[in-house]
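Letters are used for the chains, namely A, B, C, D and E, taken in the order the chains are written, and counting of residues starts over at 1 for each.
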Amino acid sequence: AGVAEQAPTAQKSPTLTIGVSQEAVGLDPHIVTAFSSMRRLDLLYNRLVRLDDNMQVVPDLAESWEIPNNLTYIFHLRKGVKFHNGRELTADDVKYSLERVLDPATASPGRSYISTISKIEVVDAYTVKLTLSAPLASLLDALTSNNISIVPKEAVQANGNLQRVAVGTGPYMLQEWVVDNSMTLVKNPNYFEAGLPKSDQIIFRVIPEEASLYAGVRSGNLDLATINDGATIRQAKSDKNVVVMSKPGMNVRVFSFNNQKKPFDDIRVRQAVALALDRSEILTMAEYGMGAATGPIPISAKVWAISPDKLPLGKTDYAKAKQLLADAGYPNGFSFDIVCSSTYEGGLAVAQVVQNQLKNIGLTANLDVVEWGNYIDRWVKRDFATMVELRGGSSEPDRFLYRSLHSTGGVNNFMYKDAETDALLELGREQTDPAQRKATYDKVQEVLSEKAPLVFLYSPNENQVTSPYVEGFKQIGNGSLYYVTHAQVIK
Amino acid sequence: MKTPRLLRNKIAMAGLVLILLYVLMSVVSLFWLPFDPLAMHAEQILQQPSFATGHLFGTDEFGRDILSRIMKGTSVSFIISVSATALGAVIGIFMGVWAGYLGGKADNVIMRIADILFSFPSLLLAIFIMAVLGEHTYNVVLAIGIVYIPQFARISRGAIIALKGNEFIRAAKSNGAGRNYILAHHLLPNITAPLIVQISLSLSTAILLESALSFLGLGVQPPNPSWGNMLSSARKVMMFAPWTAVYPGLAIVLLVLGFNLLGDGLRDILDPRLRNVR
Amino acid sequence: MKESPILQVEALMTEFKTERGIVNAVNKVSFDVERGQTLGIVGESGSGKSVTNLSILRLIEFPPGRITGGKVLFHDKDLLTATEHEILGIRGKHISMIFQDPLTSLNPVIKIWKQIAEALILHQGMKKKEAKMQAIELLRIIGIPDPQTRAECYPHQFSGGMRQRVMIAMALSCNPDILIADEPTTALDVTIQAQILELIRARRDQQQTSVIMITHDLGVIAEMCDQVCVMYAGRIVEKADVLDLFQSPKHPYTQGLLDSIPRLDRTGVERLHSIKGSPPDLLHLPEGCPFRERCDKAMNRCVSELPPELVLDGSSSPRKVACWLYADKEEAHAKA
Amino acid sequence: MGKYIIKRLLSLVPVLIGVSLIVFFLVRMIPGSALQMYMGTQVEATPEQMEELKRLFGEDKPIPVLYIEWVGDLLKGDFGYSLRTGRPVLPDILNRLPISLELTLYSLILALLIGIPLGVLSSLRQNTFGDFLNRVFGLIGLSLPQFWLAALMVIAFSNSQGWIPMGNYISLLQDPLKNLKMFFLPSLAIGFGFAAVVMRYTRNSMLEVLQMDYVRTAKAKGLPHRKVILIHALKNAILPVITVTGFNAGYLLGGSIVIEEVFALPGMGRLALYAINQRDYPVIQAIVLVIATLFVLVNLVTDLVYALADPRIRLVDEKR
Amino acid sequence: MQKRDVLLEIRDLKVHFPLEKGILFKKNVGSVRAVDGVSFSVYKGESLGLVGESGCGKSTTIMALARLERITEGQVLFEGKDLATLKAEELTRARKDFQIIFQDPYSSLDPRMRVLDIVAEPMRIFTKKGILSLSEKEIEEKALSLMDKCGLSASYAKRYPHEFSGGQRQRIGIARALSLGPKLILADEPVSALDVSIQSQILNLLKDLQKEFDLTFLFIAHDLSVVEYFCNRVAVMYLGNIVEMASSNALYKDPMHPYTKALLSAVPIPDPVAATTRKRLILKGDVPSPSVVRPGCPFFERCHMAMPMCKERKPRLLEVGEDHQVACFLYEKVEGDVHA
């Protein structure tokens, strides 16, 4: 029997098929905002530095770098890196790319990450020096962003922008793109990392139904799929035909208040709500347990994050919450709206659980479920009392918290203005010493939990479902598919 | 004469019985439900249907009782389908009757408007309207109602044009009856038969349309249960908890079937072709 | 003794099941058709003329209709018990029919020649091409101008009169023994009616075809027929030679009928006779004679007993009447 | 006939003008904008950047001006660029068209294959138990929500290779067998309900036709039952079925959104849904125009087919 | 010749139906000349019959003169007033005096109305418009008495039309036509749809009513025997034109127009003896289309006496005898010869 059961010599399949639920929205790394586009850019372009599967900043196009002071960064580039068009990458390309990001006319979302860069100097063909106008502790982390990929000038000039073409240095090259159907990438034979990529071809397929994605992996139509939906993952976990990879991601589910709107301008009211929300129940019901409770810094950013039960108001306490409400003048509660949407980001399920939990302290929440476009409209116009959101976090506390909660933060839609918080965030931004920074951000987490301008609920897991034949894939934790480069199907 | 005909038509009666069962269910649901349809129970998530727990149709992903939610959803479905049909019928019939009666230019203009509405696929049109107006139950009514307008306009126009050729209309004219008089006394009463059939069929499609809209996340919004949004949220879990999709689906199928049976039966009864004349 | 009749209908009964009850549309109807002769059947709307003739060829739709009794002997073969195959061989070949409404009796989506050729292919085993030639020839015979091109037309491109002629061409294509014409001219104008009747007459005389002519127009009967049956409420109330019938109608209904039509040959009539009341509802036929409620001469007996068919002596041949008036008369002797 | 077609095509113009006006303004009445969707909730932008973006997204001019510009471009054959993908709109739509067309076609074929025979059988056995079963079956078909049926199919067939398209469109030319296989379930999900419609129409129309005098004439000719039904009755009974089929074809072309969504078929309906969700105005406008055009064209084809099937219909007024 | 009062005079009435083409912008591409220049008078108390084959324009003529069809050209003088140009309100007033009995007893009664309401409806409308002033009770009483006169028992009052036979329905229609006390009855083939035994009942009823209410009839039929029986004067129509007009006696004894002759000879006579001896004049072909414009005699194509000139000119309606007019060159020529 032993002989008979022996598998025929395992064979490597040249193609790896990836299922995703959303189509990429353009491919210009400096312009795109959509998460779905980033996942393709992971494979098409490189940045100066990247994150590894432990969320550590490691070399990418830059072989090494020096930080002589907190205003100066010097990068030494790899030699012999070639763009897909065959030209070698030099320091000029880095300068051009960073300048393009910084140019307001490009309207790049990456601009805000690196806006303190005041000078970019080409030292030699393989050396670039960046000078900052103000210290930015999160600069290295910012440079790992897909939005700050290095692109060739001539490709931009030839096409106007890079939305429909891809001329990167990445492990794969764009071969065919049939919108809302498939995108085919082929191996870059000149890729600079020896032995990579492993598969000759990658095909992305767009399958909007998460259940269908899972079915696709099961039936062998797909080799790997990214699935957000907890219910589907829960089922996949009990399925021997597939392998589920799951770890808390960088995103944070939050319940946010409009801090200037009655009654949530009253800190006691916000605190009461915070005390009434049971993170583990929300996780169970809205995510099927596929996530981890978190405080202001995503729990997976292990270096910085403090678990919410160690922070103020981290444990449910209805009595105290009711007391706070009574103090604030609402002994009998009140009613208000929660804006949410039925997309995953819109957090409809979370809103329903929140609504249910707030009944415990006598608050009546009405769900204002709106279509996604409306949701964003409301968000932009700050037309909400409370809202369920999914915030894109970061392993770098400054990058996430400053723009969200500093009174001048670009995405501080909570209308939160607090001098103490502002001061702390500004301090953290300048500090380069890790221990000092840690202390600052510990304090930040405490203050934010106490003042509750929003309630940080949990970080949903990032999940990949693969067929058992896929080898070599690793999750980073921020959704990136970089490690697809290391993956291959062996049947 | 009328009632016994209806009673003797098996198909219509089957439909009527089904509909009445639902009406009963929706009335009962106003006063009594097995469980609170909105109450969540973390410890009872996705339980199988069972007598022991009392959740006859099982529970959903928030541990809510599915039977109670279906029952609660009945009134929503009724309200939406009845008011949307009423809206579409009133406006559509008004347009169609005048177009058919006046003929000529007025007919041309009215029917071109209906044609333009018609050349939008119904679901797409409904989606549009929902997107513009926002997701509220009354907007669902509006969206479906607007979709219905051209249908009613066409049918009533056709019926009026067919009637116009009858000699009794000429007779009334020759007796000095004016336009409005003829419309009210002779035309409208005589187009009720095709309209009744259309109405009962519209009631059924309204339920399907509402559920399709809800399925796309545009219909009745949670936590209020509607059969469509129950199915929509069941989509994620139905592979391992099929009851979450099966029962709301059946609820839709049976009520729609009820209206369709009634409509088909009424058509038999009211269609003179299938009757022995004279 | 003359030649035996080509078709004998005996005690034919046909009923319809309707929502409101059973309609006895044809009730014990008997008559014979002689070779080369024309039998007329008259009666008011709903008296069962069409159903009688449809029953002969078993063309009654079941449901709701059903032939419940009687015999139809064609060459001593009972068509009512014949196999489906046998009856198909008779329809269109030995017995063919023309219907009242030429507008609806032709299939609107099939070309004229095809509709004629169908029977030829079926019964005469012709090839398609041959059948087409024959169809065109038939069109020429019935007087359609330019038959070659007209054969390619569809029925709606023909006028009513032309369509009825096509029907006749179709019916006569296989030289049938019997032609049943069910009100062939009712839907047509008088001038066209005259054309059609002329055509039927000519074909009958040439081919020795027997004809059953159904009509409610006594004028047509007088012009076309040799024998006449008068039907009332699903029964034959009088059967006679055409001359006898018009000269001395026996049944009160026949008498009333003849008196109540305005006639061009008797101008200046001040007031028509009219039969009171209206034809009975076949669903609720009264007991006794169905005509008694409208009959001036009704007797007590008429109320309770259905009059049997009585045989009287006619001037040229025996005639039959179903009326109690003649029961006691010398001349009458009940049929065996 | 040629003249008739040209006339019908000309009648497209007012419909398209009406449709384009409605769409153009309606779309802009939907709260939210493409720019907002693009920015999402995560992105910061400086005021200069916002200005630039507004220009790029065409939000810097009043709507009527935009409309006129758009129509002007349309007349030059330029359908504009997608705000979502930055790709030209027309090729993207043309890419999806075959999928929607195929889906529509297959569903119709399935529906006719199921519906017509059942309808005929049912009419021949009017008021029998078989007829009753048939009708109830048909009514159930009408009562099943398409998406529900589709979802159940996805569950049932999730293990079998090739039956669920999975976003993987294989064209008919590429591999006819695989193409048919992947379209089978989606077509069935749509076709099932429509088969019920076809069945009802066939049945009713057969019942009517069977009472016609010409059917009796055919029988009186001695034609066997089968021929009477198939040649004489069905040819006439099929006419109303042509009309509903054409009508539904017009609808399906843009209307199978839910099925495309569930089976991940990249057709027009899905494109439309996404475009609405993303406020991708140029795409929405173009799709609606294309769908309206198709609708009118399909109606024209239906009328032509009808005229072929029914010689009484004359497309041009001939002299009698 | 006694002096007769003219009740209705029609002068050169034309009714053309436009044939339209086009989808968006309809344009006229000719017309159906349903009535193409008809003139005649109806005298008080008489019954004028209008006969002709199907489609020759009989119905259109009376629908037009009752202003239920658009009049293309011509005058309709009713008691001196031109109905063709009356304003709506005056027209309504005038309608009281002329009423229509329709051909189809099934479609001429609203299936949703009760018999009593059908008969009472005209009175109700006129009361509402203030032209009559009757109380509801009076209206009902009058309706019931009319029904009684027309042979409908009062017990039928609450029934619906579908519960009646064709003959009874026609009686309802007649009662309705009488309800406003009209002077002129326009009867459009009132007995064509009825069985022979019922036909005579209705004809008799009409005759009785004519006497009782002093009615004038314009009576359409395609059955010549019926017209002969019912009318004292007859007009024969062919393709929108009157080809011959005479008193019944004259027309039937001595038809002059070739069409009238053919028509009369085509009527089957219920007398088998006469039938065998009668000489028939069988016309070829069908009635041609009224949408073709023809300058000549409308009967030209089918006439066995046709002359070349018939194709070119349309013959006028000429007086050929006492109260006998014919539109045919055969007679015009004779007349012309006399003058020459």
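The working rule: a residue touches a chain if its C-beta (ideal position, glycine included) is under 8 Å from a C-beta of that chain, and two chains touch if they have at least 3 such contacts.
Since we're looking at a predicted model, the values are computed, not measured.
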Topological distance between chain A and chain E, in contact steps: 2
A-B or A-D - the one linked by more C-beta pairs in contact: A-D
Averaged-CA centre spacing for the pair chain C and chain A, given as whole angstrom: 91
Distance between the centres, which are taken as Cα means, of chain D and chain B, whole angstrom: 22
Computed distance of Cα centres, chain E from chain C, in Å: 33
Intercentroid distance (Cα basis), chain C paired with chain B, Å: 52
Touching two or more other chains - residues of chain C: none
Residues within chain D bordering two or more other chains: 14, 30-31, 158, 261
Where chain A touches two or more other chains at once, by residue number: 209, 211, 215, 371, 373-374
Complex interface listing, chain C residues touching chain D: 54, 57, 59, 61, 63, 88-93, 96-97, 99-101, 104-110, 118-119, 122-123, 154, 156, 167, 170
Sites on chain C touched by chain E in the complex: 44-45, 159-162, 189-195, 197-198, 216-223, 242-243, 246, 256-258, 260-265, 267-269, 271-276, 278-279, 294
Partner chain C, residues of chain D touching it in the complex: 126-127, 210, 212-214, 216-224, 231-232, 235-236, 239, 309-312
Contact footprint of chain B on chain E as seen in their complex: 63, 66, 68, 92, 95-96, 99-100, 102-104, 107-112, 121-122, 125-126, 129, 131, 162, 173, 176, 180
Interfacial residue positions of chain B with respect to chain A in the complex: 38-40, 42, 45, 61-63, 130-131, 134-135, 217-218, 221-223, 232-233, 235-240
